[in-house]
Amino acid sequence: MARIELKSLEHRYASSRKGKSSFAIEDLNIIWEDGTANALLGPSGCGKTTILNIISGLIKPTGGEVLFDGVEVNNRATRNRHIAQVFQFPVVYDTMSVMDNLAFPLRNRGHDEKEVQSRTGEIMELLDLNKLADMKAERLNPAEKQIVSLGRGIVRKDTVAVLLDEPLTVIDPVLKLDLRRKLRLVQRELKLTMIYVTHDQHEALTFADHVTIMKDGAVVQSDTPEGLFLKPSTPFVGYFIGSPGMNMIPCENNSAGLEVTGSPLFIPKSIGGKTDNLEGSIELGIRPEFVETSIKELPDWNRFEIRSLDHAGAYQILTLESGSIRIKSRVEDHFVSKEGDPVWVNFPTDKTNLYANGKLVTP
Amino acid sequence: MRQRPWLFLLPTLILMSISAFVPLMAVINYSLHTIFAGSTPEYVGLQNYTDVMGDPQFRGALRRQLTFSLIVLLIEIPIGVGIALCLPRKGPTVGLSLVLLGIPLLIPYNVVGIVWRLFTQSDIGVIPRVLSMFGYKYNVSLDASDAFMTILLVDVWHWTPLVVLLAYAGLQAIPQTFYQAAEVDGASTWKTFRYVTLPKLRSVLTLGLLIRFMDSFKVYSEPLLLTGGGPGNATTFMSLFVARKAEAYELGYAGASSIIYLYVVIVMSYILFQFINRPPEGKRA
Amino acid sequence: MRKRSITLTIYFLLLFVPIYWMVITSLKTDVEILQSFTLFPQQITFENYKEIFTSEVWRSSFFNSITYVLLNVVMTLAAAIPAAYAFSRWNFRGDHHLFFWLLTNRMAPAAVFMVPFTELYYMLNIYDTHFAVALAHCLFNLPLTIWILEGFMSGIPKEIDETAFVDGYRFPQFFRTIFLPLIAPGIGVGAFFCFTFSWVELILAKAITLTEAKPVVVTLTVGIGAEGVKWGLLASAGVLTIIPGILVVYFVRNYMAKGFALGRV
């Protein structure tokens, strides 16, 4: 396994219109440490698959460097990079058995048959494929095919990293959890460097120790799942992570604190915190999970009205309104209320984030 | 609602009954009679069939036809696939290549015959001249194997583009990711071909195989124009054989041989189809 | 990459040598053709082409061919499109059998049907008409076109039909404005094959025409006979028969490329 680094990576697509070219990725810098479970998260089309293909060598970047353990590999052919890649649509060699599928990468490189047998045996054991060993690959269901794809990736001992490109896309929801668990297990057992690309935040946050969020070809934030959850660096990350996403409230700075545009709400200095030097457009961000909601009126708390309630089993999501401001708040299942009721809301200082001009203000 | 499908099929059914069903019944009818010009047909039951099957001329034509068809397949399918692999996949050259490939297919069969006759005639042809430079005396009208080989060559020249087009369509349908995975797995060019390309081409190749097999049975104009079916019987294939009998107004015989001919084509096509295209065993849920 | 281009170039060259030969033969004088062997005409002459263009027989032959071929394309598509839709969208009793029977007709060697056709058309009083040939060619064009179209149509999810009906489209409207544009590449491919097979077919065309609808393919067989062959004339007629084909392919090439790219031949 290795440490993978992208330095000033840039890639643009050839375009059909003369003169204009579109950058898929510009000045990208990311480091993935050896043996870590990582996710590359972002909306569709932000360049994630391109990055994977650049790392594995299927695409040559128009600029920048790709480094494995500090060594530049830009000019190394795919087969010499020892990368394993699991694609979105399961790829197996239909005419071969499961065992032969797993043996394929080893046999291609000339390993002797005894070694091939023992290694594929190990991997089949690890991935629980023994029962399917002799079955023709075309007969497997998509989830099994993806496991075999993964197996082909890790069967080589010199694999540098495993790249997964939205591998659960075509898998039945029922089987997704099982597959995710297997991926995690394999990563931990073999201490693989894994890069898991997805647009599904749930997949990313449950799989990875470290998540990089991308948008429009650039890194927005790179952090642990808790970091992303508690301290999103931009409103985009706030919306994208969490279900429902972070509430964003536009405000204006005045000497006593923050005034909320379009609403009678007022955030006193004690809550808003260090707002003195803030200039430009200001937003207050707080996650529905952290919004404190009370039926009883409490001093310094702001009044909202309930617009709607959504029951989600163990909890409820309230949509609250004050003037032209709408926020969501998460409350317990037994919170009794109905549409139109007034509630009083507080934003705890330690869980409230302030954003100036789209960037998190750090104390 | 139940009637809707049949309504949609009505035009087809009408056209096909006139073009296919009725004539077929007529042919079957002929096959059961002896017919002489000018006199009334006489019902003879299956007599014609036994006559035909026992006729060495018929059996010879059938044998020649099967040999021809088999060789044609063995040559055209591999070359067709090979060329398809060389064709560009995207870009402006694609349209151009398709047009170029389509041209031999658009030449009326007898023009094909004429052109190749030009090529192979002893007195004015290119091929005899070129071959004589290598010391080979080529004569398409006198030498049986020359004639057979020539007709083969003409068919290959004429029809390989069709195989190319079909194989090309099949190749286009293979998703890139399979090739990417093979690259990642370190597979050689040959292995990629064997384990990715070939399996995925199977249905298209079956199609090509069947079409070429069926169509090769129809070869008519080329031997007619190039060799007249000769020398002797060397290039008298089934279609030519039956057409001659029909022209000679031996309709009973022609009818019976036609039905046998048709039957052979259908049965062999069916067998080929089953053999090549084994249905995949059930997929796991 | 290099290997590919070389192989392709060689292949295309081989493919075109006979055609090149035919073209130059059409431009040579008869004398030159018979007496000498040249790779390029010593004397370029348009005499042969002139003869064809001024000849009533040749002109009407070309006209006849184009007429019945176009007629056939229209007839075939008109029948094949609804039929393919029926096969693609609905399961009904006997559908597989019917489909298979249709395909077997494609296998039918024309020689088998020569005589019955002649007699039948004579009886129906359509002998020696363009309509007759167009009809006869349906024998093999219709099954093939239905097959091709069915393939393309099956590639279009049924949900699209259903959504349209839920949205309030009446069937003809839906078919015209939504469905047909989606299968346009399929229609292009089908039309191409119809045109091709009908244009080149000889046996049936010869059997059921005499003078009124005599197609160019038949006129071409004249001139190969006892008095010696007028190669120049035949070559130029040959060249002329290829041209409509080239034009058709050229115009549908983008549909073809798209149709092939969709992988549903």
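Note that the chains take the letters A, B and C in the order they are written out, and that residue 1 is the start of every chain.
Going forward, contacts are C-beta pairs under 8 Å (C-beta built on N, C-alpha and C of every residue); 3 or more make two chains touch, one makes a residue touch a chain.
The structure presented is a predicted model; accordingly, all values stated were derived computationally and were not measured.
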Reference chain C; chain at largest CA-centroid distance: A
Which two chains share the largest set of C-beta contact pairs: B-C
Chain centre separation (chain A, chain B; CA means) in Å: 57
Length of the line joining the C-alpha centres of chain B and chain C, rounded to whole Å: 16
Footprint of chain A on chain B - complex, ascending: 175, 177-178, 180-181, 183-188, 191, 195-196, 199-200, 280-285
Residues of chain A touching chain B in the complex: 53, 56, 58, 78-79, 83-85, 87-89, 91, 93-96, 104-105, 108-109, 136, 138-141, 144, 149, 152-153
Chain C contact footprint on chain B (complex, rising order): 2, 4-6, 8-9, 11-12, 15-16, 18-20, 22-24, 26-27, 30, 82-83, 85-87, 94-111, 114-116, 118-119, 123-124, 126, 129, 157, 161, 165-166, 168-170, 172-173, 204, 207, 214, 217-218, 220-221, 225, 238-240, 242-243, 246, 251, 254, 258-259, 261-262, 265-266, 269
Chain B-facing residues of chain C, complex: 3-5, 7-8, 11-12, 14-16, 18-19, 21-22, 25, 33-34, 37, 75, 78-80, 82-83, 85-86, 90, 92, 95, 98, 102, 104-117, 119-120, 135-139, 142, 146, 192, 196, 199-203, 216-217, 220-221, 224, 231, 234-235, 237-238, 241-242, 245-246, 248-250, 253-254, 256-257, 259-265
